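Dropping the structures in below, format is structure tokens.
Presented sequentially are two complexes of subunit A, the first with subunit B as partner and the second with subunit C.
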Partner chain A sequence: MKQFEPLSRKDQQPVRYLIVDDSVFARKSLAKMVESFGGQVAGEAGDGCTAITEYARTKPDIVLMDITMPQMEGIEAVERIVQEHPEARVVMVSSVGYQDNILAALQKGARHFVQKPVKPDALYEIIRYVLNDDAVPVGATEAK
Partner chain B sequence: MKMDLIQPFIGSLDAVLAEMMHEPASIADLAMEEDGYRRKGLAAEVTFKGQIEGRIILDMEPRAAAKVASYLAGADVDPSEPMVSEAVSELANMVIGNAVTQLNDRGFQFKVFPPALLTQEQCAKAGSDSEATVLCFATACGNVYLNIAMKYHARRSRERSPMAVA
Partner chain C sequence: MTFPSDEQAAELRELFFESAEEILQGMNEAGLALEERPGDIEQLRQVRRAVHTLKGDSAACGYRQLSELAHDLEDVLTPELAQQSGGLIAEVILTAADTFHEMLAAYRNKLQPPAGAALRDHIQRLLNGPTDREADVLADATFEWTEYERLMIVESIRRGETVFNIALQLDPETLLPAAAFELARKALEKAGRILALRPEAGASAENVQLIQAALATNQSTDWIRKQCLVPSVVKKISVDRTPLLETPARDLLDILVESEAQAVSAGVKTGPIDSSSNAEEEGHEAGSTAGLAHAAAENTLRVDAGRIDAVMNLVGELIIGKSMLQRAINEFERRHAKDPVRMKLADALGFQSRVLGELQKSVMKIRMVPVEQLFRRFPRIVRDVARLRSKDIGLEVAGQSTDLDKGILDALADPMAHLVRNAADHGIEESAERQAAGKPARGTIRLNAYHDGDQVVIEVTDDGRGLNRDKIVRRAVEQGIITSEKVPQLNESEALQLIFAPGLSTADEVTEISGRGVGLDVVKSSLETLKGSIELESTPGKGTTFRLMVPLTLASIQALLFRVNGRLYAVPIASVGEITRITEGDIHRVEDHEVFQLRQQVLTLVRLDRLEADGSAEKSKRIFVIVISLGGRRFGLAVDSLMGEEELVIKALEDQLVTSPLVSGASILGDGTVVLILNVPAVVSHLSRIPALGAIA
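Then we have the complex of A and B:
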């Protein structure tokens, strides 16, 4: 997999991710991508309910959240996470990318949307955008 | 079944297979099936409800499924490994999700349910008045089948449309 310029937090620690998807494969694939960005997987969840408890437990910098999942869907999980943690940065990652779905997710507090199959370059740019000034390329922190 | 409802699924499968297998896939056969579907390899089913109702089965010969699993896992996966079934389920999710996105953007409203792996050899008929379209895609690693059985509810669509004011 292509290696990207690693992103780190301002405190020079790796960006921590919570990956939420009912597919083990999708979680593995996303984990590999975020590791190629210099990130660290703080936790994983296979449904919305587990995502809520895992968010509280791990306090990640970014959540990558699927939409169609058993028990509780991603959009409801985003709403509940953002209600309790308004600072949460959630990026929706789903194969179902129609306008109503994207709009609903953004209205509930998601910061961005990526359609599956996920292209690493697109995800990297979105993560940089969502983290904004809270993450910098590792080279930039070393130069300071 | 309306061809314009099927076309997004063909385009989506073609695009996703091309990305994952790095090889073109071509339609080798198209058939209509009135009876229950007989599984040919590793299969996952996705159902949906709303203005369009029905189900789609993605069925892959083991070698083709292993190729997709290897792409998703980033390492070689043997066709006999249990994780190959999981890869078929994720592929079904991507193919059907992408197609559903196109249909939804054209104004069709419906809800998609998570994929379920099919373990039985023979699957039940989609519905008493449903006929399934079975597409066979040939790839270098084996065949991939898409079994599409869905109905368009024109009545529900009209009920949801705003009434014209004279």
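Then we have the complex of A and C:
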């Protein structure tokens, strides 16, 4: 796998991820990807309910959330997580054809989305963007 | 459009399918031409016209999906887009031809047509513009805000905020434009206060490429850029201060007046354009539904092949009738040699047979189509294979105007495609290998067609690596097609012939190493069904030629009639090399075969009645031998007596009537006698399957 310039948090700690997908294979492949970005998998969840509790437990920097899952769909999970933790950065992961769901998830507070099959380059850029997002005021003052 | 009856509708559909296939062929050709010369606007116009016709015709037949897709395609086939897209337009046209073809096949079989996602993607990409067009999308930004929005902007500026006109180009690759729009909007929201937005939030964002916004913010241009350049969503961005900023002290009234004037001019501008484009659209629809009617009005007739066949059959019957008449007159002449009426009868017969000959030719001509129709398919095949294998291959075509029976032509399509694909895939080497061998980097496949007697010869030649004789032979031995003892007896041509043997063909190793083989036995047998044959020449390192020979028509043949054991047979005169007489004493046995010497050559002798061939006949008995030569092979056919030459109208035999593949058909003579027509290629291949292959020289 291609190596990317490692991303880290402002406190020099590795970026921590929560990966939510009902497919083990998809989780593993996403985990490999974020590791290649210098990240760390803080937790995994196979459904929306677990995702909520895992989020509260691990407090990750980024959540990669599949949109269609059993028990609780990704949209609802996003909504619940963002309600409790407005700072949560959730990136939706979805196949084409769930445009309306993605739209709903974005409106419910997801920060970004990435299309399946996930391309590492695209994901890397998105994560950088989403993370940078939080550091906005600092970057802005620096820029001035 | 209403259909008076189902039958008419069905007929119209049939007509549509036919014309559509032609359109697709045209698209393929134009696509290839555009690939060579992307700037060829005339080609593009042709494609556009064709697609337009297809759109109208398919709509008229109720094939909505096809019609809509064609409509979308038509929209992107503009010279401007073509120039901006570079080579992409050719790719789109070729993809479209494939997609439409699949859709047509589905409609024909009354199935759900494929959605053509690949084509839609292509069209979308073309619309969005992959490279050069990007700048244009941003340049398209007009920032025409409404009066209210202008007021807001002025108000913000007055409060000391900086207002930017921002244009975002969405990534055309995104398959979720609505979600992309939402993300871009959120990014803008975060960057500042959105005073105006196009398209407006909540509007359908299905086909958005360009987002325009007026944003009030205190952030720097760079920061806005960074914030709004959302990865995988926004491809390009332009951030400019609103022009109003330059004159912040301007009176509000001025601005109001100006904006009103702009709104008015915009209204004047958009109003007529909209209505005129509608009118044009309606004109298009009206024109296209008339497309089919127009096609019928041209000076060509589309006739169902079955109707021509019916005429052909009747002509066949007439020919039999003529031969009946001939016999009757012959008999009359014998009985009344002095009767002056016989001259009149002979004249009448002569006249009748001349007209009949003309009639037959005319009907045959109706069925004849130029080989070009067949050859037209191959540039695409060669191009596809060349692309897939990263080879450089040119296709040269000659003799396109050679006429051939439509039925034969159609039946040749698959075998020919097979040979061409093989030549491109296996025959032609890669450029590096070619150059190392001192050949031009670009490989050439040549198609040629010409008449040879009453046969049509079609050649497929490549200048590739040629066949590897040793590998073929080794493989044939391995597969048990020949025994190893026979190998030394094989001459060059016989060794190469092994490539047509069933079983050998599927061997991967041969395919890879020698370069050929998949299903060549199928090619051969399909030619035999056509009463044709196939020859092959190959020089290692120089290339390979396949020569396909097919009769001009399947309806009748000029044949040599002979008797064996009291039964009447015929062989096509084209396959007869010569006729000779030998005595039983001239016949020798080599292994299990009877052979005889003709001048310097030793030929195998074939008897149709093998029961008689057990040497019981006296040595001095003279027998006729018809020397059959076909595809470089010659053998003798022992016959009892020759009956002469006659034009035979071939009556197809139903499968259950004929158990032998050696008989290809039958005919009825004037006196009602039935003649069996020997399938000469099948006889030859039957011979080559018998072990004593080496005896055939």
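In this text, the second predicted complex is superposed on the first by the 129 of 144 C-alpha atoms of A that agree within 3 Å, B and C clash if a C-alpha of one lies under 4 Å from a C-alpha of the other, contacts with A are read in each partner's own complex, and residues count from 1 in each chain.
To be clear about the criterion, a contact is a pair of C-beta atoms (placed from the backbone, for glycine too) under 8 Å apart; a residue touches a chain by one contact, two chains touch by 3 or more.
Keep in mind that this is a model prediction, so the values were computed, not measured.
In the overlay built on the shared chain, the residue A:107 is in contact with subunit C alone; subunit B does not reach it. Once chain A of one complex is fitted onto chain A of the other, the partner contacts of A:22 are limited to subunit B, with no touch recorded for subunit C. Look at A:122: by the touch rule set out above, it reaches subunit C but stays clear of subunit B.
Once the two complexes are overlaid on the shared chain, A:70 sits against subunit B while remaining clear of subunit C. When both complexes are overlaid on chain A, the residue A:99 reaches subunit B and subunit C alike. Look at A:38: by the touch rule set out above, it reaches neither subunit B nor subunit C.
Subunit A residues 94, 96, 99-100, 115 lie at the interface with subunit B in one structure and with subunit C in the other. Subunit C meets subunit A in the complex at residues 174-179, 182-183, 186, 190, 219-220, 222-223, 226-227, 230-233. The touching residues of subunit B, counted against subunit A in their complex, run 16, 19-20, 69, 72-74, 83, 86-87, 89-90, 93-98, 100-101, 104-105, 112-114. Considering their complex, residues 94, 96, 99-100, 102-103, 106-107, 112-115, 122, 125-126, 128-129, 132-133, 136, 139-140, 143-144 of subunit A touch subunit C. Note for the complex: subunit A touches subunit B at residues 1, 22-26, 28-29, 32, 68-70, 94-101, 115-117.
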